[in-house]
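Order as written gives the chain letters A, B, C and D; numbering starts at 1 within each chain.
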Amino acid sequence: MNAKSTEKAGTSASGHQKIDWAKINMPMLAKISDDFAQTKPFSELTIGVSLHIEKKTAVLLLVLQTGGAHIVATGNFGTTQDDVAAALNELGVVVYGRRDDSQSEHDANIAKVLSHEPNLLLDNGADLIQMVVRDSRFTTKGILGGTEETTSGDFRMREELAGDIPFPIIVINDSPLKLIVENKHGVGQSIVESFNRITNLMIQGKRIVIFGYGWCGRGIAKYFKALGGRVAVVEIDQITCLEAAVDGHQVMDSLEAAEWADVIVTATGRKGVIGPEHFELMNDGVILGNAGHFAWEIDTPVLLKDAKSVDGLEEGIEVCTMPSGKKIVLLCRGKMINLGGSEPKGNTLECMDMGFTLQALSQECVVKAGEELVPGPQAVPDRINIDTATRMLSHIR
Amino acid sequence: MNAKSTEKAGTSASGHQKIDWAKINMPMLAKISDDFAQTKPFSELTIGVSLHIEKKTAVLLLVLQTGGAHIVATGNFGTTQDDVAAALNELGVVVYGRRDDSQSEHDANIAKVLSHEPNLLLDNGADLIQMVVRDSRFTTKGILGGTEETTSGDFRMREELAGDIPFPIIVINDSPLKLIVENKHGVGQSIVESFNRITNLMIQGKRIVIFGYGWCGRGIAKYFKALGGRVAVVEIDQITCLEAAVDGHQVMDSLEAAEWADVIVTATGRKGVIGPEHFELMNDGVILGNAGHFAWEIDTPVLLKDAKSVDGLEEGIEVCTMPSGKKIVLLCRGKMINLGGSEPKGNTLECMDMGFTLQALSQECVVKAGEELVPGPQAVPDRINIDTATRMLSHIR
Amino acid sequence: MNAKSTEKAGTSASGHQKIDWAKINMPMLAKISDDFAQTKPFSELTIGVSLHIEKKTAVLLLVLQTGGAHIVATGNFGTTQDDVAAALNELGVVVYGRRDDSQSEHDANIAKVLSHEPNLLLDNGADLIQMVVRDSRFTTKGILGGTEETTSGDFRMREELAGDIPFPIIVINDSPLKLIVENKHGVGQSIVESFNRITNLMIQGKRIVIFGYGWCGRGIAKYFKALGGRVAVVEIDQITCLEAAVDGHQVMDSLEAAEWADVIVTATGRKGVIGPEHFELMNDGVILGNAGHFAWEIDTPVLLKDAKSVDGLEEGIEVCTMPSGKKIVLLCRGKMINLGGSEPKGNTLECMDMGFTLQALSQECVVKAGEELVPGPQAVPDRINIDTATRMLSHIR
Amino acid sequence: MNAKSTEKAGTSASGHQKIDWAKINMPMLAKISDDFAQTKPFSELTIGVSLHIEKKTAVLLLVLQTGGAHIVATGNFGTTQDDVAAALNELGVVVYGRRDDSQSEHDANIAKVLSHEPNLLLDNGADLIQMVVRDSRFTTKGILGGTEETTSGDFRMREELAGDIPFPIIVINDSPLKLIVENKHGVGQSIVESFNRITNLMIQGKRIVIFGYGWCGRGIAKYFKALGGRVAVVEIDQITCLEAAVDGHQVMDSLEAAEWADVIVTATGRKGVIGPEHFELMNDGVILGNAGHFAWEIDTPVLLKDAKSVDGLEEGIEVCTMPSGKKIVLLCRGKMINLGGSEPKGNTLECMDMGFTLQALSQECVVKAGEELVPGPQAVPDRINIDTATRMLSHIR
C-alpha cells in the first residue's frame, strides 16, 4: 500500500488531487479524450479560454489539450482556484491570474489570452469575444469561432455586438439537456443539499416556499417535497402555477407565502422578488436563501439596513433582528446557496461532465463542420445534443 | 445596523455564535428553559455530565443550569469542540478537557467531574456510572440517579454493572420517538446530504445499495430513492426484506449487490458485512460509505492492505486501486459519513432538540418522581415520550 | 386459436374463469399445491370451512383439497359468489349456501358443515368454533385444531369462549406480514383505486384527510400523497401523530380537519369518529369514505336523518343536501369503499396469496406439529411467517 | 329525508343522475354557465355538435344552451350513452342517434345536424367540418366558425381540407394545459387506476415497462413508480430517454424490456411497437395493456393468431397461451385500458371541466372576437389558456 495524504494547501498538489477525483467521475470527457488522442481535431490550433478555473473545467481543458490544442486560459473574475491553476500550469496549460486579482488585472489577463492569437474561443460571459471584436489591439482574422457557456453571454452578444461577430459562436446553456439534467435535477439536488449543509435543519414537516417554477424551481420544489417538506410555489405565470398545483404543491401569492413560510428559496431570475412588504409579514425565524444566478432576488440591502442588528453565526448564516424583535435568517447574503457556506462544491460532477461534453463536441464542430454554422451566436446543433444524451445514457447502467 | 462578523477561531466567540444558532432552532428546549426558570427543579443540585461538547449539547446544559443545577461536565474522548467549551466556561458551566486530551487525561477528567460529588449523572456511554460504581475513590451515596444517552451505555450497564447500580438510570436511545424521528428521518436525511457534500456526485439514476433495513436503513433507502436513486436493499431478516420489497426497493443478497452497485452504504450495526468476497465482485469506481455507529461494517483494514495504492483526493475520499487496476472509493475510512468529510454537522438541530427534551424531562423525572423508577437502567417513561411528541408537534405548524 | 368468450352469468362457467385468473396470480399457493400433491398432509381428513366464497378463497380450498383433504364449506353471511360456489361444487368441494340466504339459512349451513365431523376448522369470524364448542349437537372430540382469519374472531374466542376451546387455533390476522403487506400497502392501494373508480375525481391538489394513522392509515395517506394529494392526518396518539408529521403529512385535530378537507377517509377502527359536530364545519361538496372494517366510523344514520334530501347518483355515491343547502357526498353508505361501488375486487391477488399461504401452512402445522401448539387462539408461529416471507420474496424478482 | 334510489336502466332517470354528479364536480363550467346566463353570447345561434354523448359532454352542452344557443347534437360512432341522450332531449338539447347505430345511420345523423344550418360547429374528429365543406347538400355560408377537440381532427383538416375551410376552427387538444393536466396527470392517474380495477394485482415490487415517454408516458411512469412499482422506460428519442433516466426510471431497449417486464403499458402513438419479436422474449404471465388512443400499439392480431388458445377470464382480461405453453395476458384487446374493463369512467371530471372550459371560451371567442382569428384550424388563443388556468387554480384551494 502506497498512500498519499490529502493536502489542502494552495500548492499544485491539492489541485492535482481534485482534478483526479473529477476525472474519475467524468467518464464522458474521458471517452472524448481517448477519441481526441487519435483524431487530434485541434492540432496546431490555439484555444483562448475564459472560464472558472476549478477541477471540473480543468478536466475539460486537459481534454482539449489532448486533442492537440495549445490552451491559454484565464479565470472568471474572483473565482480562480489557485491550486488547480498551479496544477494546470504544471500540465502545460497556460493559466493567467489568481483568485485575488483586481478588475484591472483581470482585464489585463483577458488581453494576455488574446495576445496569443487564439484560433478558437471558449468563453463564459463573452469577455473574450467582446474584447476581440471591439478592442482595436486585436483582430478577428484568424478566429474560426468558438463557444459561449452562458445565457448572459448570449444576451451580451445579441445586444452589444449584434451583427458584428464575423465567426460562429455556439451557445451551450440553452440546450434542452442542460435544462433537464442540470437545471432541474442538478440544481434541485444541490440546493437541498446546501440547505442541509449550511443550516443543519430538518426538512420533514417544514413549510418551504419556492419562488419561481422554471426548470430550477421545479427541481428544487420536487426534492424538498421528496425529503418531507411541505412545499408551496409562488409563480407569476398562471399556466405554470397550474402545473405546480397538479404536481401536488400548494400555490400562493407572494404575500400569503411570506406569511406562511418557514423557509423561502428564490429561483426566479428576477430582481427584488422578496422585499420589505414581505419581510414585514414573515414569521419569526424564517430562513431566506437564493438559488438564482444573481444575488438580487432577495432585497438584501434593504433587509440589512432595516435590521436592528445582524449577527453572523455559522458560516453562511446571518440572523437579522428586526426592530420588532423578529428574527429573519439570511443565507449567504442572498448569493446562490449552492455556492455558499463552508466548502460548497457546486453542481455535480456528472452534470458538468454532460455540459462540458457539449462544450468539447461544439469546439470540434466549429473546426470541422464550419459549413453548417453561421456567424454570430447560435444553438448547439441537434446532432450534438442527441449524441451527448446517448453518451450520458451509456454511463447510467 | 450593527454587524458582528463570523469568527472561526477556537476562542469563545465562535462558540457563542454556534450556540446562538442552535438555540434559535431548538424551541422545545427554549420552552423547557422558560419553565425551569420558574420551577427550578435542580435547585441546590449538581449534575455531573459526560457528553460530546458541541453547540447542541451546550444548549441542553444551559437549560439544566437555568433549572438551578450546578453543571460539571467533560466531553467524550476526542470530540470536544474547544470554542464551545470556552463559551460554556464563560457562562458558568464547568467544562474539563480539550479535544486533544490523551486517554489518561480523559479518564482524569471523568474523575474530576465525580470529585464534585454530583447528585445527578448525565452520561453518554456510561463512563461516569462505571467509575462511580466501581472506583473505590467515589461513593454512590448522594446520587439520585441519572440518564444515559446511548444503547451502548445501556449494554455496558446490563453486562458490566448488572444489579450493582443502586440508583435509577433512564436510557434515552430506545424511545420510539428516537427510532422514528432521529434514526429514520434524521439519519436518512443526513446520510444523503453527506453523500452529496463529500462526493459531489449525482444521485439520479445511480444504483445504490443499502445494507441493513432497520430504522436507519429504512430512512436512508427512502431518501436516496426520493432523490432519484435506484435503490436495492440487503437484509438478513426475511420479513424485513419483504417490507423493503413492498416499499418498492429491490432486494438482493450481498454478493449480487456487490456486483450491481454504484454506491454501497452500510447501516447494519454488524461487523464486517462488506469484506474481500465483496470487494472482488465490485464495479470499477464503486463508492463505499458507512452509516453505522462503529467504523467496522466495511472491512477497511483488509481493503487498505490489499490495495496496490490508496490516494487521498478530496477530504473524506480515498481511491483504492486494487491489483487488478479496479478502483474502489472509500469514504471517511469507514467511519459514519454524516460525521466525516469537510465540516460535517451531524444530526439536525430539531432531532436533537427532541432527543434533549427527553433528556431534560428525564433528569427532572429522576429528581421529582423517584417513586415510579427502579434502580438500574430503564426505558423513558411513556408519559415523557407522549409529552415530548406533543411538544414537538406544536413546533411543526 | 380457440377463444372462449367471457361469460358473466351466475353459472359455474364464469366461476371457473374467475378462479383461473386468480390461480395464475397466486404463485405461492400454486407451489404449495405442488408440494401438497406429494406430501398429502390432509390425507383422510375433513376440513370444515366458513369463509367468503369467491375466487381467491376458492384457490385456497382447492390447494387444501390437493393436499388430500375433503372440504366442506359455507360462505360468510351475504357474500357468497354463486358462480364460484357452483364451480367449486363441480370440482368436488362441498359448498352450502347462496348469496341470498337468510340468517337462519346461514346458521343452518354452519351446522351442516359441522355435521360432517370435520377434523380441522378454517374459520372467519369464529362461527364454526363458537357452534362446535357451545352447541350440544356437536362434539369437539375429533377436532385437531384449526385457523381463524380475523382479529374479530380472535376477540370472540378470547371473550366468549375463553378457556373452553380444547384444540389449538392459529389466528392469521396479526402476523407482521399482514400488517405490512396487506394493511399498509394492499389496503392503501385499493382505497386509492376505489376512490378513483367510484368518484371519477382528480387526486392532484385535493385536500385529503385520513382519520387514523395505524397500518391502514399509513398506507392510505402514503398513496394519496403519492398521487399528488395534499394529505392531513387526524390521530389521537401523539407519538403516531409525530410519525405522520415527519412522514411529511399535516397533522390536525378532527374539527380543523373537517373545516379543511375536500375528502375525508376514515381508518380508525372506532365508532362515530365523524359526527354532527364535523358535518357542520365541512365544506360544500366534501366527500366522505370509510376504509375501516365496520360501517360505523362515519355517523351515517345521523347524516341521512339530518339531510334535507339524499340523492343516489352514480353507484356508491349519495349526495346529502343539508338544511343549509350544503352538499355532503357519502360513499357506499359508510361501508368500506374498497368493497363498494361498481364491481369492487377487494384486496389484490398477491396480498391474498400471501395471506392464504399463512392459512395453508398453518393448517398443515396444526396437523403435523401439534406439540408446539397450545389449546385456544395463538399467533402464527415465527417459522411460518419467515417461510411465507421467503416464498413471497421469490416471486418479486 | 327524501331519498331517490340509484337507477341503472337506460332511461333518462339514470342519465339525469350521472349529469348531476358531473355538474357538482365541474365548477369551472358552472361559473361559465352563470356568466353565460347573463351575457347570452350565443343568443339566436345554433351550435351543431358531434361529440361523445356522456355525462361530462352533457354538462358542456347545457352550459352552451344556457348561453342562448340552440344545440343540435349527435354522438361519435358507437359511444353514445342512451340514458344521457334521453336526459338531454328532455332538457331541450336535440340529440340524434343511439349507441347501436350503424355507420350509415351515424352518417345520416351528421347530416341531420347540418340540416339545422348551425352557425357554430363543435366537432370531435372533424366529421361535421368535413361534410359541410365537401358535401354539396350543405353550405358554409352561415357558419361563423367552431372548435375541434382532437389532434386527429386537426390532421384531417390540414391534410384533407387544406385551405378549403372558410371559417376559423380552434383546435383544443394542443393547449399546454391539456398536455400537463390531462395527458400527464389525468391519463397517468386513470391508467394506474384501471390497471388495478381490471387486474386486481399488486403494483408494489412489480417490473413495469412504459413504452413511450411523451406527456402520457411521463404521467403513467410517475404514478406506477409512486405506487411502488419498479419502472423502466422504452423510448426512441435519446434526449427524452435521458430525461426518463434522471427522473429515476430505468431505460431499456424494447427487446430487453420484453425480457424484463412483469407488465407492459404502451403510450407511444405508434403502430405495432410490441410485436412477435417481443412476444417471444416475454416472461410467463406478462400483462400487456395499451394507453394510446388507437388499439394498434400492441400487434394484437398476430398475438391472437399465434396463441394456441385464448381464454377470456375476468372482463377485459384474455389469457393467451402460446405454443410454448407460456401465457401472455392481454388487456382490453389492446384498446385503451382506461376505457375498458368493467365500468370504466375515463378521464377525471376535473380534467374535462378544464378541457370543456377551453371549449366553451373558444366557442364564445369565435362569436365575439372574429377579428383575431384566421380561417382554418388554429391553436387556442393564449389569453384563453391563461384565463382557463386561472379559473382552474381558483378551485384548487
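Here is the rule we use: a residue touches a chain if its C-beta (ideal position, glycine included) is under 8 Å from a C-beta of that chain, and two chains touch if they have at least 3 such contacts.
Since the structure is predicted, the reported quantities are computational estimates derived from the model, not experimental observations.
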Can you list every chain in contact with both chain C and chain D? A, B
When A-D is set beside A-C, which has more C-beta pairs in contact? A-D
Distance-wise, how many Å sit between the C-alpha centres of chain A and chain C, to the nearest whole number? 55
Can you give the whole-Å distance between the Cα centres of chain A and chain D? 43
Among the residues of chain B, pick out those that touch two or more other chains and give their numbers. 185, 202, 204-205, 228, 245-246, 396
Inside the complex, what are the residues of chain B that reach chain C? 176-177, 180-181, 184-185, 238-239, 241-243, 245-246, 251, 385-386, 389-390, 392-393, 396
Okay, in this complex, where on chain A does chain B touch? 1-6, 8, 17-18, 20-21, 24-25, 185-186, 189-190, 192-193, 196-197, 199-207, 223, 226-228, 262, 285, 304-305, 307-315, 317-319, 327, 329, 342-343, 345-346, 348-351, 396-397
Residues on chain C engaged by chain A in the complex (per definition of touch): 202, 204-205, 225, 228-230, 245-248, 250
